[in-house]
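Chain naming follows the written order as A, B and C, and within any one chain the residues start at number 1.
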Amino acid sequence: MLLDNYETEDFFDEMFTERGGGVRPHYQRVADRLQLLDSGEHRRKQTAVDLAFMRGGVTFTVYNDDQGTERIFPFDLVPRVIPDTEWQRIEKGLIQRITALNLFLHDIYHDQKILKDRIIPPHYILGAKHFRREFMGFNVPKDIYVHVCGTDLIRDRDGNYLVLEDNLRCPSGASYMLENRAALKRAFPDLYRNARVQPVDNYAADLRKVLQYVSPPSLGSAQPNVVLMTPGVFNSAYFEHAFLARQMGIPIVEGRDLVVRDARVYMRTTSGLVPVDVIYRRIDDDFLDPTVFRPDSLLGVPGLVHAYRSGNVSLANSIGTGVADDKVVYYFVPKIIKYYLGEEPILPNVDTFLASEPQDRGFILENLGKLVVKSANEAGGYGMLMGPWASKEEIESFREQILANPRNFIAQHPISLSRHPTWCNTETGGRFEGRHVDLRPYILYGEKITVTPGGLTRVALRKGSLVVNSSQGGGSKDTWVLHSDS
Amino acid sequence: MSEPLIPTAQKPISNRRDSLVMLSRVANSLYWMSRYIERSENVARLLDVNLQLMLDFADFDDDQLEKHWLPILCSAGNEKTFFQLYEKADSESVTEFLTFREENPNSIISCLFSARENARQVRDQISLEMFETLNECYLFLKSSNAREVWQTGAHEFYEQIKKYSHLFQGLTGSTFTRNEGYEFINLGKFLERADKTSRILDLKYHILLPSVADVGGAVDAAQWQAILRSASALEAYRRFHVEDILPKKVAEFLIFSPTFPRSIRACMQHLDEDLHRLSGKERREYKSPEERAFGKLLSDMNFMTIEEILDTGLHQFLQLVQTTLDQLDDHIYREYMHHPPVDTQAEILLHQQQMQQQQ
Amino acid sequence: MIPQSSPTPEVKVAKVPWTEPILLSISHLTRYTYEGAVQDSFNEARLQPITDTLQHCKDFQFKIDPASSVRDYPDFYANCVHYFDVPQPHESLEVLAESEVQTIPETRGPVPEAGLKSLKAPSVKEQHFDFLHASEFVSLEADVWREAVDALPAGVSDVWNDTAAIGEYIHRNYKYTPLSTNVNTRATEVIKKKQGVCQDFAHLMLGLLRTHGIPARYVSGYFLNQHKLPGEIEASHAWLEVFIPGYGWKGYDPTHRREADTRYVKLAVGRDYGDIRPVGGTFRGKGTRKMVVEVSVQRIS
């Protein structure tokens, strides 16, 4: 009933085939269950979920918000469903991508062959904000730079999966993935059981294995002490840090809990100083150590980088991955995959133009009103121009910025992201309407590479909006990868 | 909190590598979370009891009101701050100051705020129900209708605060993992409780002179009843002492009673057990002068009589209890928190070495 | 008291670079005293003289008081960095670096001509990327750009000659004035003040050179001061090196308007002061601290 009058309009819809068409096979069970739902039952289930999230502190803090208070990341009850075959392809593509990026990072910090072979103009890397020249020639444990990666995928009008960006510094959201699954199991237990969904609960255990795998070799066979380092309770993602630490059964520490003695890292405990071997750090490189990086950082540990350099402590992700987090590097990823693996990318990039590449600059400047322009280094959807919806002043301002600093801007055609039935409250109760979604799977790189089935589906809750980030009014859904195709 | 100590930098390096270690900062937060909740409950009870008492003495003039409320104000607030905000000390101003004022670090709202802040710092240590309860209590206090509830029915208001505290402590008992953190929570609770009980008794110290042991007038009797009520001890006392409320007996009960769980001695007994569990030492073995002083006081209390205390002076004895507990707090701090959390101490801040300009 | 070395007085003879090899004994002491005891001190030092074709560090002693274990690593610019920590409470920290360095005369021959075109070669721009762009102390924005145009109105015609010309321009328009700036002064502020000490002149000149596309890097080190007053305490010195295509790096001292010859001993190179801090670090405690720096450069032979 609530799905009656649902409009797919001119977008690829996850649940329904084209306008007037039927339900996709892998969504049949969900659609059937939703037909039995009335707005009263929906309201009860939604309220229960929201209350549980709020009281349990499954929240985040918004920086730009006046209140500066905690908010729940709104959760929509309708799961996004992916059939098994489709997922297998996505998984292959993600594994290919992270393998190439890891090789790229190793190369950049050692022989820089990809620069010498002129695949990427060197100035992009040398001038990159997050290129850590201090770590040239440094050998990271097991040669793994990126242990945890969150790659954002979208679908175009034809339903093709495209990579929107790679998040290789401190990708967040895995905790929401786990909490959303728990919430959906409580809300629709029968549906869940019958649908036969691949579990995501192994994430914490898998992550822990990865962290243990990269412990310092000097430790030998002793059980490594792994900790999670957080900026603290005032960080917007603190909930996730505490949650993951708890799930993995490891201590959560802040910079002030650690101390370096003799190039080794210790935790300050009630029993004295306890050695630390691996740090899963959710703090950016810049803030890690005031002796070496930003001297004003109160979040870091003086001497940590020296301990890291001495090989007495391992960090995940390694120092220096930020250079690959840059949208400029994103532009070159298809070439990177070809260079290191000799393969075509399984998951293509969104067609992108780089303002500092001569062949692209003219095109970008002439078409600002039609393109989406992004700053190469900002995260979270800030510093972005949505050409078709922008005012003349905004466009001119961006033109100036691009001309002043072309290396800092990429542009793409606006994509009609796929849509998904999402609950929308109205005066008369509510109904399901289509809202744009993306997908963030999580990839773990340890002894082997694992991709958690599904990940976080983010949804832009405002009608017509394409912005899905938590800090700007997005919400999320549970993501189901089925064991089979329907 | 006590004066910041610059700790000695050579800490023992533990050979533990497991994940069951307790961070000093976490121990500190659990300890203070517990102390602040206990404190808020005690203030709530104190105010509730005294407000009800005032119903019987509606004809008190301003002077009498002030005389009644000032000692209470001083036990849970700062007189100077109070008079910056209010003109006179009466039922409404004092209870408001001790309930809602954030300028008063010991008001109920300040205590709950601090308790919640400390709990947030250790979210991953406490159970979900514990945090939810504390969160709800705090949100209740911050809500716009808290004042309305307080104004229309103060008793219901304070009952609610106490209920939250009891719920929190009950949940702690039933859901908190029995690790070191549990000892610190208990240390905080019992230390605060012993301290507050001694202060409640101290409110009436000037009445008890060595030669006076009889019941005074009706006002006095009601006030002694209030003392017992403030310590949640009235029914327990009545079960023990069938006859009237005698000041000497009340003092004895609140200090020594082995069966009443809120008596100073009972609290100190718990403290002693928890300290030994933490230190791993044998009974009657103590780690520092402060701990030893505490042990000695407890031991003395096992053999003292109320007459001996009244001879030397009740107030002096209660002061000794408070000082000993204060020093015990220092000991806990130094022994287990080792390095104090850097952001609570202005002295232990990170600074840069001065840089030399090249000439 | 901030130590100063007196700038070389105007010498009315042609500036001939020293070419004889010199054996120098150098001592560089940095002493911090704190208010009350401090602890958990973590530090890095770039105090070991380089060994390359122009100088040979024959002996180097590094002493810390209170004693602590010292480790080292090479940084991105191949400077030797010593790092050490002092965890226990202490009221003072002394870092003493003593070295014996043999300077070696230039063997590369005369500096060839290198014009604008040679600077535009991709290999130059890529290999010396760091020394062509803005850095923490050296911005390349409007103020610096304008000053660069004034310093070299016709643009680059020959790298080494133009370097000397820019050096002359600075000498005419800027005054060496101790205490007019501090260790954090940026190049743009120097332009406004029109005065500074050698660290500032180096930053300023780096900005001007880089604006014109000449790769230039900051050099930290010492020089033999012949006009030193007896007992006068010296400080470490700052100059720069420019990259001359077809030749390599060559040192120029804007404070003394001369080529960096065998009187000069290099400690470290980098983009600016931020990359070569002689001693830097953090500690915990009260913030108040005093610093004394004593440098002595003696000629042995």
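We adopt the following convention: a contact is a pair of C-beta atoms (placed from the backbone, for glycine too) under 8 Å apart; a residue touches a chain by one contact, two chains touch by 3 or more.
Bear in mind the structure is a predicted one, so any value in this text is a computation, not a measurement.
Nearest to the common centre of all protein CA atoms is the CA centroid of chain A. The interface holding more C-beta pairs in contact, when B-C is weighed against A-C, is B-C.
Remark: subunit A and subunit C have CA centroids separated by 44 Å (rounded to whole angstrom). Spacing of subunit B relative to subunit C, judged by their CA centroids, is 61 angstrom.
Under the contact definition stated at the top, the residues of subunit B that touch 2 or more other chains are 342, 350, 352. Within subunit C, contacts with two or more other chains are made by residues 40, 43, 87, 280-282.
Of all residues in subunit A, those touching 2 or more other chains are 259, 261, 290, 295, 302, listed in ascending order.
Partner subunit C is touched in their complex by these residues of subunit A: 115, 122-123, 126-127, 133-134, 136, 259-263, 290-292, 295, 302-303, 306, 309-310.
Those residues of subunit C lying in contact with subunit A across their complex are 40, 42-44, 69, 71, 73, 75-76, 83, 85, 87, 125-126, 129-130, 133, 280-282.
Contact residues on subunit B toward subunit A in their complex (touch as defined above): 11-14, 16-19, 21-25, 27, 120-121, 123-124, 128, 131-132, 135-136, 180, 278, 336-339, 341-343, 350, 352.
Those residues of subunit B lying in contact with subunit C across their complex are 6, 8-10, 342, 347-359. Within the complex formed with subunit B, the subunit A residues making contact are 55-57, 222-225, 232-233, 238-239, 242-243, 245-246, 249-254, 256-257, 259, 261, 266-275, 290, 295, 298, 302.
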